[in-house]
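Following are the structures in question.
Shared between the two complexes below is chain A, which pairs with chain B and chain C, respectively.
And now, the complex of A and B:
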């Protein structure tokens, strides 16, 4: 509850800070401070201290899993602020509003991570989505940004409609919005299955799982790169947490009805994401498809729904967000966002390039990095669930992903820059990247630093 | 504790090397580190305290894995090979003048740490970690310092091995779920009992990774290109030590874990290996490029070892272990000579070389001895190894076709004599060419490196007993775990 209240309040404060504070650096500093307060609130809540106690009448549950994810999301947002908040200035003139929207998204994430009632799920998903539509279109003078926003909005509204319909059908079948009271008796009512399918599709849309992924590349490519970074990491992870919670709480009893469908979705998502990413020439678009590919791996958690999957999804959210935020932060600074734009980058900025290598290795799932260990958790969960074939398919696709991640490494290290423009990089930025890279390795060596918090 | 030192010295030494900005200093430091590793590995073989040879610390307990390493007969032998090879490699390429020397030597040492980790890990997940760790620095070494076509070639190599190793990860994880105590430790893996059908699955998941690494026909296509394009020092590591990872993996993680499947698929694998021997030898005869010739010759030699592993006899397996060591020594010698020739005369083409015997007698004598070792003439180290391997295949009772395999593999020896002698003839005899006219003999560091190698070749050619003693007990234990425990033998 702390996180929810603090982040919502912070959003309001940021909205007013636009005309109360004169300089942009003051706005930025305020945003950082507010986010730190939110993080402190989450940590306090993890230790059992609440600022105000509110009875949600069983509509929300702040268990370890929800709280840990909130913490991960807030920390990743902080990393995002530290790396990219300066670059947000270049997007448009409403600097403080961007921060306000991000804080609103964070409060939506709290709802999506801790719902126990389908209504709260709906509220959470909407509170996350609406600010995103605005952020996607925040580069108002850019046609592509407008297109991205409109496309995202229309498709998003449609999937929201599906979700509402699904909730209505589930309510009709079970007579309750509470996720834990939806039990299937011997005969599963068709109404319930239909409702569940609609919910499955709309969640798949939000999480950009194939075949509902078509909006993703265009929206990610069209949106201002700073916001793509946020959209593709923290927000996407939040959708997955909600997805997982919905299916483990409400629909685990219906597994025979959705298992096959989800396994097809996993395979399709992995296949389309990885194969298409191979052919991209722009790093930004490659990362968009890579986010689809990574979503395929995260879907494995929903497919298997065991304790490994739960821990793994949390780790995956952290590992994937850290690495992708780091890469995007550098990408924002590049003039030429194609692979060639990175040629000779290692000679220009050896330290930054080194950090990027660690992020890319993490995304590709090479041992010693958090990315490996989180992929490993997913595979374990899948094999434990008895789907050896799906696990084999997933690792083969991971091997394909090496192709496009390593292309960036090749550009940076082994290709000579023709007439590359010097990219200005500050010492603080470099230090933050080093911290993120170090975190990636520490999590890769000692994942229990994160997962043990789920239990103790 | 000793065994931990074996990994820590090159690991920390490598990290330090990245920060030594002076090229000479980085090179000297690396030599010092590798010599220290050599000393420790010799101490590990000499020591009588068996506690010192294992080390275990908790790590990733929730995943059923721990940081467990230990040295047994095969591990000691391969660690020794790694430790002996590295100083020789550094010595032989002392004057290669690598760009960004600190990074080069740092990566080389990290590779060594990874290799030793692979050879000592007694926990399957840890083994996988080291397996990949040995690969990543090699990727950077080959892509950064290699020849003209280095980037696509190294990439192919990387994708091949990575695909193999992720399949291996699935296999290992699957076995983990079959262990009674849910653990990745070697003991638990050896205690697993799986049905025959399951074993077949697991066998192929694991074997593909090792087959790519060795490489066994038809998984070998990355190898000649990679050897050709990599910087010489890295090629030596790749062919001398890294291919042994594949054989090692089969012996440690396949034979005892899925014994029935190893028996069931033994004929298939042996056929693949024997085809590889003949195929690679014939291609080697056609080669005009020295590096590619040696690359194909290596495929043939490793093919014989792979076939012998699946014959599962005591003599044969001991021969394989000996030969893993000897092949490493011999092929590093050959690469040193190729490197010398290429740097001095600017060509690797056999057709452009000739008449070096008069110009460089020292080089000639040393190369001829190494070449004889390559065709396993008596008095050289590989004679004993290959003899034991043939003996092993011939006496194998797990295959019906032992006579066929022995005959075809024997053909490989004859073919190897053809291409090796052909190579010697073209390089050293006949008229000198424009390129070889201004020849000089060996420099001091080269003389030293080759001299040490030839000394090792002759010593183990005459007195192989130390190597045999080292692996005797290990092979006995292995065969017990791999065969007689849970196999319905005929």
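And now, the complex of A and C:
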């Protein structure tokens, strides 16, 4: 509850800071401080201290899993602020409002991570989505940004419609919005299964799993790069946490009805994401497809739904978000966002290029990085969950992904004569990148740093 | 009246909405079809709420009220979505002088 209240209040404060504070650097500092307060609130709550106690009437549950994810999401947002908040200035003139919207998204993430009633799920997903429509279109004069925003809005609203129909049908079958009551519904009437299917499709839409992924590349490519970084990482992970919570709390009893469908979805998502990423010329578009591919891996957690999958999803969210935020932060500063734009980058900025290599290795799942260990957890969960074939297919697809991640490394290190970065890289930026890269390695060596918090 | 009538009516409205979203090219009409989908859900929720209320008998007066509460939340969220969505469409119209969804796809290549 601390996180929810603090982040919503921070959003309101940021809205006012626009005209109360004179300079943009003051707004930026305030946003950093407020986010630190939110993080402190989350840590307090993990230790069992609540600032205000609110009876949610069983509509929300703040268990370890939800709290740990909130902490991961807030920390990743902090990394995002530290790396990219300066670049947000170049998007448009409403600088403080961008921070306000991001804080509102964070409060939506709290709802989506801790819901116990489908009402809270719906509200959480909408509170995440509506600010994102605005952020996607924040570059108002850019047609690509307009397109991204409109497409995201229409697809988002459409999938919300599907989700609501699903919720209504589930309510008709079980007589309650409470996930435990839905789980306890004994008979399996057609209404419940139909509602579950609609919820599955709409969550797949939101989490951009194939065959509902078609909006993702255009939206991620068209949105301003700073905001793509946020929506492809923290927000996507939040949708997956909500997805997993919904299916483990409410529909795990219906597993025979959805398991095959989800496994087909996983295979399709991995296949389409990885294969199309290979053919991309722009790094931003490649990352958009790579986010679809990584979504396939995260879907494995929903397929298997055991304790390994829970730990794995948490780790995956952290590993994937850290690495992608780092890569996007560098990409924002590039003049040419194609692979050629990175030619000779290692010679100009050896430290930044070194950090990028670690992020790319983590995304590709090379041992010693967080990406490897989280993929390992996912695969172990899948094999325990009963599908060796799916795990083998996922490993094959991860091998394909090595190609396009290493292509970026190749152009940074083995090609010369690149054009310079657009925005100068400051020492603070470099230091933050090094910290993120170090975190990626530390998480890869000691994943229990994160997962053991789930139990003690 | 039997619940099935309500179910079929709202499913019919919902499917009309889906067909509209998939086939129409005017952004505003697509948007109206999405609203139609949401309203079909509202109707269904109220019908189910009444059904659960009647099924619980006269003693339990609050059973089924959460379905109607949900409808209010849907209305509020739909209003928020309308305000953002129309702003996006206006922004698009300012730049392209068109609200055609296909127009954007043509720009891409």
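Here is the rule we go by: the second predicted complex is superposed on the first by the 445 of 456 C-alpha atoms of A that agree within 3 Å, B and C clash if a C-alpha of one lies under 4 Å from a C-alpha of the other, contacts with A are read in each partner's own complex, and residues count from 1 in each chain.
We take it that contacts are C-beta pairs under 8 Å (C-beta built on N, C-alpha and C of every residue); 3 or more make two chains touch, one makes a residue touch a chain.
Quick caveat, the model's predicted, so the values are computed rather than measured.
Of the two partner chains placed around the shared chain by superposition, chain B is the only one that A:402 touches, whereas chain C remains out of contact. Residue contacts after overlaying the shared chain place A:366 against chain B, while chain C stays out of touching range. Shared-chain residue A:58: touches no atom of chain B or chain C. Legend: residue contacts after superposition of the two complexes on their common chain; A:175 is shown touching chain C, with no touch to chain B. Of the two partner chains, chain C is the only one touched by A:165; chain B is not.
Of the two partner chains placed by superposition, only chain C is touched by A:134; chain B is not. By the touch criterion defined above, A:383 reaches chain B but does not reach chain C.
Residues common to the contacts of chain A with chain B and with chain C across the two structures: none. Considering their complex, residues 3, 7, 10, 14, 17-18, 21, 27, 30-31, 34, 37-38, 40-41, 44-45, 48, 51-52, 55, 63-64, 66-67, 69-70, 73-74, 77, 80-81, 84-85, 88-89, 91-92, 95-96, 101, 104, 107-108 of chain C touch chain A. Taken in their complex, chain B has these residues touching chain A: 60-63, 128-129, 132-133, 136, 140, 143-144, 150-151, 155, 158-159, 162-163, 166-167, 169-170, 173-174, 177, 201, 205.
Interface of chain A with chain B (complex): residues 361, 365-368, 376, 379-380, 383-384, 388, 391-392, 395-396, 398-399, 402-403, 406, 410, 413-415, 446-448, 451-452. Residue ranges of chain A in contact with chain C, taken from their complex: 119, 122-123, 126, 130, 133-134, 137, 140-141, 143-144, 146-147, 149-151, 153-154, 157-158, 160-162, 164-165, 167-169, 171-172, 175-177, 218.
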